[in-house]
Each structure stands twice: as structure tokens, then as C-alpha cells.
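Following this line, the structures themselves.
In what comes next, chain A is part of two complexes: it sits with chain B in the first one and with chain C in the second one.
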Partner chain A sequence: MIENLLLYGLLLIQGLLLAFLAPLSIGWIKMQKAWLQNKSAPPITQPYAELKKLLIKQPLVAEQASWLFLMAPYVYFACLLSLCFVVPFIWITGLATAFIGVIVIAGILTLARIFLVLAAMDIGTAFGSLGARREMFIASLSEPVLLLIFLNASLLTQATHLNIIGYFFIVHKGLYPGMIFSLLAFILVMLAETGRVPIDNPATHLELTMVHEAMVLEYSGRYLALIEWGNAIKFIIYLLLLIVLFVPYGLSTSLGAGEALLSIIAVLLKLMVLIGLVSLIESLNAKMRLFKVPEYLVGAFMLAVLGILLTQLLGVGV
Partner chain B sequence: MLINLLIIISLIWLALAAAALCIPNAYASFLLPIIRVGNIFNAGLTALLGLLGLILFQTVSFSFKFLLPHLSAMLCIDPLAAFFISLLGFSLLGISCFAAKYFQHFSINQQKYIYGFMALFVLAMLFVVVANDIFTFLFAWELMTLSSYFLVVGLEPTRLARKAGFLYLGIAHVGFLFIAASFFLLALSQNLSIAFPQLMPVTNVGFLANIIFVFALIGFGAKAGLFPLHVWLPEAHPQAPSPISGLMSGVMLKMAIYGLLRFCFQFLALYQQSWWGYLLIFVGLVTMFFGVVHAALQTDMKRLLAYSSMENLGFITVALGLSLLFYQYHLGVLANLALLVTLLHSLNHSLFKPLLFLGTGSILHATGERNLGKLGGLIKKMPWVAVWTLIGSLAMAGLPLFNGFVSEWLYLNLFFGYSVESHFILAILTPLIVALSVLVFGLAGFVIVKFFGIAFLGQPRESQLKQTVPISFLEQVGLGWLAILCLLLGIYPNYIIHLIQAITINLLPMSLPAVKTTWGLSFYAHPVHAGFNPILLATILLILLGLIYFILKKFFPVVNKRVAPWDCGYKYITSRMEDTGAGFSQPFKQIFSHFITIKLTLPTSENLLYYRARITEKIWHGFYFPLAAWVIKIASYTKITQQGKISVYLLYMGLTLIILLSLVVWL
Partner chain C sequence: MISQQITLLLISLILMTSFLMLMQSRIFNLVKLLIWQNILLAIYLTLQLFYAVSLELIISLSITFLVKIILLPWLLWRLVSYLHLSGRIDPLINKPLLMFTGILLTAFAFIISYQIKALIGDQAVISFSLSLANTLLAVLLIMFRKKAISQVIGLLVIENSMFLLSITLTNGFPWVVELGIGFDILIGFMIFALFLIRIRTTHGSLEMRHLEKLKETV
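Moving on, here comes the complex of A and B:
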């Protein structure tokens, strides 16, 4: 009983910690990009300062905004926050992992996005609907890929929940050829879904090519803070999904303090390396034309399908 | 008890139809309110009948003789029938509440007409489900087609409505022909018995079973709107009044699924072949894909919804095919799960689709506009309609906490939770099936954003939209009923799944249930860690929402300031700068240009600045127009036999008699 309570308490803290640490990932990526461009970097805690600034400022809301516009950032943030309690961070399981499987994770991500997209269309400015249209265009092609990647992991591990999937890969170390294709597809999708460079440019605020920033153009104050924080959480959740699906080694599977410490170091190292890779990709590539995006995503789609086919073929062979 | 209730309900429907169609206009003002109340009351009774049948879980049959001594109508309520009755009842209850107010905008003659045929239509659907012999079934089926045809064409006798009605009638009758043929072949193999219980072929029908199945698939496919017989669907739905469109889309299309279920799992249960499953899956996938692509490109709200119905029916067909296939491969649990998806999604679709059609009905009434590109900003004029429609839209997109998600989740678990490695073809095909399905689910999200976003959000695109009126209480009740059911089935689907599983076990002998419904949803195969608990998810999201709201309110108590939106450097922004429906889906038009025909009308002169892109399906030029040309060509050959003189026709009759007589003598 006591042990269970302790476990739940620790898992709750894990989720909250993840939510509070998420903006660091944005700070880290901005730092790295600045270094790659030979600029002097802002401190890694810069996103916190920005969030604080946004939270204490008075929000300006457009006259014609409806309740949906005011509600959407809360829904967006709550959905993503709930995922903090699902993805493994220090321990292999989260507080809510047992009853929220991978399909539901994809569903919650979509729910969050759809609210934000609808809010973008609420004001009726040209930029809002432009961003909404592009976001849905990209998302409706990238969401299937995410599900297919999950399917591949599920087929290999016979499980639909992240803790069991991760545990399987920790115990059965080995090279899974199907998963390599899935990994490639996942990286492509992650860049698209989190609005990173070949698809979208998070650093721009006024360009005709922007997607995500166009959607949230009308937001300010605490609403923008919620969205920005939500984006940071979304980014780190994708990274943690990558970790648990493809390199879960080091995640703590017991309650021991030593193992937890080791796990924290491992996961932070992995996150730093992964974010470094993302910033490298961002710095080396130019943004893509919008109509090249389907080719990119269909490529990811095909990679994911190929991964599953390979898994199935090898599975049949065994 | 069930039978008594059924008879009472049918008599009330008949009385309502007779009253509506026969009363003189002088008494109409007195009788119409009674008919409205009777409609709602009887819809409630129908729902009750279905629910009772499901809960009591018994099979009762009954037959009564009429007219001729040997002609009797056999009726039977078994659990499957009870399920479809409750589907009809629940959907109808919302629709008739809404309709009671909505139809008041029409003239008295039109109201009489609509109520009369609507009562007949519902009665026919009820009898399709409870029919227990071939004649009753076919009679009810034809009545269903004809009454809905009158509802499609009767209200506004425009050229467009007549064309749509004709198309519907034509395809429905091709379908009827095939259904009748498959019944005939079935009866032929059973010494011409017509009662359903005796239709299970005991003697080896062998190859004939395949033909019967294909005929049934064509026949019911024509009604369900399966590719390539779907063309009537987007034409006929927009022409009917919205509550009728909702009824057709939500319930009538499911009658075809019901028929297919009877054929696959009852009459031909012993002769199932695995290729039937593959055929169903293939047809379903093609239907899904074309449905969603065209839905994404429509600018007319009701056409958009009609195409989305096509997508949903395709999904249901795929699940049905998978069930058949898994059963053939002796994967009983999976077959059970797939059948559960088939029935559950039928129910879900019959709730959210009428809800959305009713939503378009209130928009249509308030603004007189069906074109998405001219709407906008309705969330402020009709806040509650916006809420209900949003719930319906999110359910249609299959998002968590709404009912559409439950069926999608169960469907995906067919592939995620189980491994079918032992069957090579399945192992290779399932990834492709999943890939296409999830692509369609993704696009469905785009469709609802377009539907809801363009109609309700933004600023009014036309000036007359500024005078829209809020809708009445009764209409709210109708919309609210369906929306709350969507939410309820999304958050607590356990009980209905429990009920449906009892049916699926009945339909698939020797199979075990797949879903454990004790607390949350989980699978017997993975009892500990493969669950989804919608209630817990809803609780977590609500707690988090509340916490965030109160923390922000407590620690950052700043009040919003209302300002003009940022104007991009222009002096002011107008509603003409927003995306229209066509603009919103422009990227898809570009990437799916291979699947559609686009006819562009460009401005011809400076004064006539007019741009229009008309999107049609390729199938018209690829299949229907050549087919029509062939039919006309064949007809022109037979023209020489038609002289228009009575003597010639008398000669034909004489010749026919002689031939028949000589045949009799010969045999």
C-alpha cells in the first residue's frame, strides 16, 4: 500500500517535472542553433523568462473572438500536459500509461491540434485560416505515419502501451530491421509535427510561408504562454517517444534510487544528443516549398509501411 | 410483449401516415400538432422497443395472414434486429424532435406530404429489420426506397431534385433487382421456401453460394453507397430536407449493412469463403478513400456530409469483411472484435451524422445558404448549434472522448493488439489495410475542420448572414439529444459494447468475445495492459483544465482587453480575405488531382469576372456515361419492334402464347 502510494507519488512528480523541464528543450535548441550560426546564444533558461513575461502581460483579444478562441489554448495545453503522465521519462512507466495506449496518444495529439486549428480560424483573418489550412494539410498526412510507426512497434512487442513496448526492447536487445525504417519515418514526422525547419520555421513571425506561427498570430499574454509551453511539451514528448520506441536503454525499471539517477543522466544525455541532431538538421536545410511537403510525408508514409512489411515478413520467417 | 409493442408502433406509424396524407387542409392546423407529437412519441417507443429487445435478448417471431390464405407476413425480433431497431429509434428520436419545429417553416401541403412519407419511410425501415420472410423483406425494402424517393423529389420540384431522384431511383432498383435475384437463388436451393429460418442451405449449394453473395453485395452495396454504386448518394442527400437527409444517411444506409449481415452470417454462414472477405475489404477501402477525398473537396455542406457518409460506410464494410475473413481463418476472437466494430460504428454513425445534418438544417433555415464559401461566423449567432455541431464534428473525426474514437480504437486494435503471423497473406495485407485506413482517418480530421471551421468560425462572408436567428427550444432538444448520446457513448461505451458482444457471439458460433468491459475497455487476450479508460482520460483532462484555469486566474489575475485583430498592415481586414471552402481544400485539390475531374470556368472578359471550378468524379466519364450510351444503343436496336400499332402488339401476344404453349407441350 505504502509502496504503491510512493510509486504513484513518484510518477506524479515525474510527469510534473517533465512539464516544467520542457521549455529547457526549446532553450537548448535555440542555443545550439545560435552556436551553429556563430552567434552568441541566449541562456538556456530564456524560454522561462519569455513565459513569465507572457503570463504577466495583459492579453489582447480580438473583438470578434468567440469562446472557442479563449478556450482552445487551455484544451491544447491540458491535452499535452496529460501526455506528460503517459510517456516514460525517468521510469519506464508514467502515471497514466496503463490505460492510455499508443493509439490514444495519437488521438490526444490530434485533439489538441484540432482545437488550435479551429481557434486559428475563429478570428477570420487571412493568416489564421492560411495557417489552419496548411497545418491540417500537413497533419492529416503525418498523423497516419505516426500510427503506422506505433503499429510496427506493437507488432514486434505484442503490446500497445509504451511501458511494455519499452520494457520489451530493453530486455530483448537486438537489431530490428523493420524498426530502422520506422526510425527514419519517425524523424521525418517529428520534424513535421513539431514545426521544425524543412516543413516550418519556428523562428519566423511574419512570413508568407509560416504554418504554426500563422495560426497563433492573434494570441497574446497567457494564451500565448500556454501555447508556447504546450509546443515545448509537444517537442519533448516526441523526443521521448523516439527514445522509448527506439533507444529505451537506461530507462529505470525499478524503484531504486541509484537506478533512477542513472536513468536521469541517460535520458538527459539522449535528449541533448537528439536535440543537437535536430538543430543540425534545422541549420543545414532550407525550408521546403509547401507542395513538396506531400512528397516528403508520403516518403515517410512509405518508409513506415515498408518497416511494417519487413517486420511481418521476418516474423513469418521465424 | 415485444411483438405487441411492435404492432402498436407499426399501427401508430400507419395511422400517422394516413392522417398526414389524407386530411383535408381545413383540419390541418388541428391535426398537424398531433402528428408532430405522435412522431416524437412513436420514435421514443421505437427506441424503447429496440432497447427492450437488446436487454431481454430473446427471439420472438410472429406471423399474420392477410388478403390471401397462403400469403402471410412473418415477423421476427431477434437480438440483431433489436439492435438495428434501437439504432433507428435513438437516431429518430433526435430527428423527430428537431423536425417537429423545423418542418413548420414549410407550407401546410408540404408538411402533410413530408409527415406522411416520413412515417411510411420509418415504418418501412422497421419492417426491413423485423421481416422474417422474403416477401415481407422485399416489400418493405421497396417501400423504403419509394417513400424516400418521394421525400427526395417531392419538396422542391426543381430540375436538380428530379434528376437526383431519378438517379437514386434507378440505382436503388438495380440494387433491388440483385437483392431479389439473390433471394430467388437462395430460395431455389431450398425448395422455394420463403421463410428466413429455412433459408440456411443445408444441401450443398457449392458454387451457387458465391453468386448469391456477389448479387447480395451488389444489391445492398447500391443502397449502402459502396463504390462504384455510390453516385446517387451525394446527389440525393442535398435535395431532401435536412432531417430526412439525416434519417437516410444515418439509418437507411445501415439497412444495407443489416442485409449484408443477414446474408453473410445467417443464410450463407456455412458457405462463407475467404475471398468474400477480401472483396468486402477491397470495396470498403476504395469507398472509404474516394469518400474522404471527395468530402475534403466539397463546398456544399450537405454534399460534404454525404461523401463523409460514404467514407463511414466504407469503414463499416471493411470491418465486416475483416470479420468474415478472420472467421474463415479460425480467428474467432478477432472476427468477433471486427463484427463489434461493424455494429458499434453503425450505431455511432447513426448518431453523429444525423446530428451534423440537423446542424446544416438549422444553418440552412437561419441563413438560406448551403454553400460553405458563403457562410462564416455562425458561432456567435447560433452558439448552441455550434456546440452541438462541434461535438458531432469531433465524433466524426474520431477524436478521444467522442463515440467515433471508440470504434476507431477497437478497429485499430484488430491490428495492434493481435498478431496474425500464422497467416501469410493476412500478415502481408494487414499493414496495407491499416495504412489506407489511418490515412483516411487523418483526412477525416481535415474534413471536419473544413466543415466546422468555415461554417461557424471567422467572420460572416456574406452580409445577409448578419441577420441570422437563433433556433427554437425543440430543435435544441433534438440536437442536444444526439450530441449527448455521442458524448455518452464516447465516455462510457462499456454497456453498449457488452450488449453488442452478446449479438456477435450469437452470429459467430464457437467464438469468444474480445473486449472486456468491466472497468474501462480492455481485451481478454491482454487483460492487464491493453486497455483504454475513457472515463479516467476524461477525468484527467477535466482536472488538468480546471487546475490550469484556476492557477492562471489566481497567480496572474489580468483581465483581457478587446482590440481589433492585427490587420497585416492594411487599413482594415474584410471577410473577403478569409479562406473560402474551395480555398481551404486547395492543397488537396492539387495532390489528389488524379482522382477527380476538374472543370474550370475562367473569366471571359473584364466585366464578367467569374471563376468557378466544378469538381466531379472520374467515374462518370469512366463508367456511367459509357454505360448509359450502351443502354441507349441497345434500346435503339429494339426500336424496330415498336411500331405503335395495336395490331402488331396483338401479334406479339399471340406469338408469345404459341411459343409458351409449344414449350409446355415440349416439356
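Moving on, here comes the complex of A and C:
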């Protein structure tokens, strides 16, 4: 009983910690990008300062806005916050991992996106609906890929829950050629879904090419703070999904303090390296034309299919 | 066990480079991917050397290294710069369809090679099917491009996959054959390069549709 309570408490703390640490990932990527451009970087805690500024500002809402517009940021944030309790961070399991499978994870991510898109269309400005359409256009291509990647992992591990999938890969260490293809597909999809450079530029508010920023253009104050924070959480959730699906080594599988410490160090190192990789990709590539995006995402789709083919060919026993 | 895994991983990565070549439309990227493929092939050979040292393999490795990693990419690079081919070459059919065909060919290769599973054994069949898929992808790379330069690259990929096929099924060629193949490829490349330069001086471009006019009318 006491042990169970301790376990739930620890997992609860893990989820909350993840939610509070998420803006650091945005700070870190901004620092890296500044360094790569030979600029002096803002401090890593800059996103917190921005969130604080947005939270104390008075929000201005357009006259035509309906209740949907006011609700959407809360739903968006709640969806992503709930995923913080699903994705393994320090321990191999989250508070809700046992009853939220990978397909539900994709579903929750979609729900968050749908609400943001609805809110963007609700206000009726040109920019909002433009961004919303583009977002759905990209999402309709990238979500199947995400599901196929989950399918590949599930075929290998015979499980649809992240903790079992991660545990399988920790126990059965090995090189899975099928998963290498999925990894490449996942990186491509991650860049598309989190609005990173080849698809969308997160640093601009003033371009006709923007996707995500166009949707949230009408938000201000605490609503914008929630959306920005949600974006940070989304980014770190994708990174953690990558970690648990492809390099889960080091995640703590027991309640021991030493193992947990090791796990924290491992996961932070992995996150730092991955974010470094993302910032490198962002700095080396120019933004893609919108009509080139299908080619890019179809490529990711085909890589994911090829991964599944290879998994079927090789079987689990290799 | 781990050796098998690394071998399979390398062959899969070679397949992946071929697949990425299908996705690329810039010639420089194609050349870069070809270099990566050759490097992976050389690593694969080095690994074979690690398990069973033989003079044949050492000579084969050094020929591969010299011809495929140093000489050919350099020549290809020079050719591409000489012909000013830094732009894009779009495939004849649209890219998603091309990639889908690639997937179908890969599945086809897997099915075909499982027919001869009894002949070549459980382990070899995987490497065999991957190399066969690589060959088919290279054929696809040759068929559906507008400019003649990617035909050369496709040919080199085919040569790579033939090489891979031979390694997976046998214990390596006699080194004289190896040397012969290496020079064959070099000479083939020279002839191709000359051809390309001649085509360009005659027609002013490397587009395949100009070459189609050479057909005799029946």
C-alpha cells in the first residue's frame, strides 16, 4: 500500500517535472541555434521569462471570438500535459502509461491539434484559416507515418504500451535494421509535427510561409502562454518518444535511487544530444516550399513502410 | 550473433542509401549518397576480413577502397562539375509513385528470394533479398530520370549490389576477377563520361528526350 502510494507519488512528480522542464528544451535549442549563427545566445531560462511576461499580461480577445477561441488553449495545454504522464522520462513507466497505448498517444496529439485548428478558423481572419489549412494538410500526411512507426515497434515487441516496448528494447539489446528505417522516418516526422525548419519556421511571425505561428497570431496574454508552453511540451514529448522507441538504454526500471540518478543523467544527455542534432538540421537546411512538403513526408512514409517490411523479413529472433 | 546483426544492419543501410537516392533530386546529393554507399560497402568488407582473414579479401578490400571510395567519386565529382550539372533532375513520374514502386520492388525481391530459401540457407536469404532489392532499386534509378548522368550513378549502384550479392552467396571472388571488375567499372565510367560530354556537345543538354529522337522510325 505504502509502496504503491510512493510509486504513484514519484510518477506524479516525474510528470510534473517533465512539464516544468519542457521550456528548457526550447531555451537550449535557441541557444544552440544562436551559437551556430555566431550570435551571443539568450540564457537558457529565457522561455520561462517569456512565459512569465505573457502570464501577467492582460489578454486581448477579438470581438468575434466565440467560446471555442477561449477554450482552445486550455484544451491544447491539457492534452499535452496529460501526455507528460504517459511518456517515460526517468522511470520506464509514466503514471498513465499502463492504460494509454501508443495509438491513444497519437490520438491525443491529434485532439490537441484539432482544437488549435478550430480556434484559428473560429476568429475568421485570413491568416488564421490559412495556417489552419496548412496545419491539417501537413498533419494528414505525417500522422499515418507516426502510426506506422508505432506499428513497427509494436510488431517487434508485441506490445502497444510504451513501458513494455521500452522494456523489451532494454532487455533484448540489439541492432534492429527495421527500426533504423523507422528512426529516420521518425526524425522526419518529428521535424514536421513540431514545426521545425524544413517544414515551418518557429522563429518568425512575419512571413506568408508560416504555418503554426499563423494559427496562434490572434492569441495574447495567458492564452498565448499556454500555447507556447504546450509547444515546448510537445517538442520534448516527441524527443522522449524517440528515446523510448529507439534508444531506451539507461531508463530506470526499478525504484532504486542510484538507478534513478543514472537515468536522469542518461536522459538529460540524450536530450541534449538530440536537441543539438535538431538545431544542426535546422541551421543547415532552408525552409522547404509548401508544395515540396508532400514529397518529404511521403518519403518518410515509404521509409516507415520499408522498416515494417524489413521487420517482417528479419523476424524478431535476429 | 552480434556479427550477424552488424552485417544485416550494414546491408540494410546500403539499401537505405539506395532508397534515399530515389528520393533525391539534386545530383550532388546523389553523388554524396553514392560515396556513403561505397563507404558502407568497404566497412562491410572490412568486417568480413575481421572474421576470416584471407589474401583474397585483403586484395578485394584494397581494390574496392581504391576504386570505389577514392577514384570513382572523385571522377564523378569532376564530371558533374565539368558538365555544370549542379541543378535538379526530376524523375519522369512523380516522386511518391516512384517511391511506391520502389517499395513494391523491395517486397517483390523479398518474396522472390524466399523461393530459394531451401537452396541458400536461412541466414544468407536475408542478405540475398536485401541485395536483390538494392539491385532492383538501382534499375528504377536508371529508368526514371530525365538526365543521362543519373544513369551512370544507377549503373554504379547496380555494380555495388552485384558485389554485395556475390559476397553474400560466396566466399569472395578470386582476386584476378575482382581486379578485372574494378577496371571494368573504371573503363565503363570513362566511356560513359566521354559519351556524356559528346552528347552534350551535340545536343546541348543531357535530357533523355533529345536522345529519343535518334530512334529510327519504323
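Definition applied: the second predicted complex is superposed on the first by the 315 of 318 C-alpha atoms of A that agree within 3 Å, B and C clash if a C-alpha of one lies under 4 Å from a C-alpha of the other, contacts with A are read in each partner's own complex, and residues count from 1 in each chain.
Rule of thumb we're sticking to: contacts are C-beta pairs under 8 Å (C-beta built on N, C-alpha and C of every residue); 3 or more make two chains touch, one makes a residue touch a chain.
Source: prediction; values computed, not measured.
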Worksheet item: Putting chain B and chain C onto chain A via the overlay, clash or fit?
Response: fit
Discussion item. For A:F85, using the defined touch cut-off, is the partner it touches chain B, chain C, both, or neither? Pick first, second, both or neither.
Written reply: first
Worksheet item: Is the number of chain A residues in contact higher for chain B or for chain C?
Response: B
Discussion item. Looking at A:M272, would you say it contacts chain B, chain C, both, or neither? Reply first, second, both or neither.
Written reply: neither
Item to complete: Go through the superposed model and pick first if A:L184 touches only chain B, second if only chain C, both, or neither.
Response: second
Fill in: Touched partner set for A:I108, first chain B, second chain C, both or neither
first
Practice prompt. For A:P294, decide between first (touching chain B), second (touching chain C), both and neither.
Written response: both
Discussion item. Between chain B and chain C, whom does A:L309 touch in the aligned arrangement: first, second, both, or neither?
Written reply: both
Practice prompt. With the two complexes superposed on chain A, say which partner A:G174 touches: chain B (first), chain C (second), both, or neither.
Written response: second
Worksheet item: Which angle, as a multiple of 10 degrees, do chain B and chain C span at the CA centre of chain A?
Response: 90
Worksheet item: Closest pair of CA atoms, one in chain B and one in chain C, after superposing: how far apart in Å?
Response: 8
Response to the item:
Residue overlap on chain A between the chain B interface and the chain C interface 294, 305, 309, 313
Worksheet, complete the sentence: Touching chain A in the complex, chain B uses residues 376-377, 379-380, 383, 386, 390, 394, 397-401, 405, 408-409, 412-413, 415-417, 419, 421, 424, 427-428, 430-432, 434-435, 438-439, 441-443, 445-446, 448-450, 452-454, 457-459, 520, 526, 529-533, 536-537, 540-541, 544-545, 548-549, 552, 555-556, 558-566, 568, 573, 575, 577-579, 583-588, 590-591
Discussion item. Looking at the complex, which residues from chain A come into contact with chain B?
Written reply: 55-68, 70, 74-75, 77-79, 81-82, 85, 96, 98-104, 107-108, 110-111, 114, 117-118, 121-130, 132-134, 136-137, 139-144, 147-148, 150-151, 154-155, 158-161, 163-164, 217-218, 221-222, 226, 290-291, 294, 301, 304-305, 308-309, 312-313, 315-316
Worksheet item: Mind pulling up the chain A residues that touch chain C in the complex?
Response: 174-175, 177-178, 180-181, 184, 294-295, 298-299, 302-303, 305-306, 309-310, 313-314, 318
Response to the item:
As the complex stands, chain C meets chain A at residues 2, 4-6, 8-9, 11-13, 15-16, 19, 23, 95-96, 99-100, 102-103, 106-107, 110, 126, 129
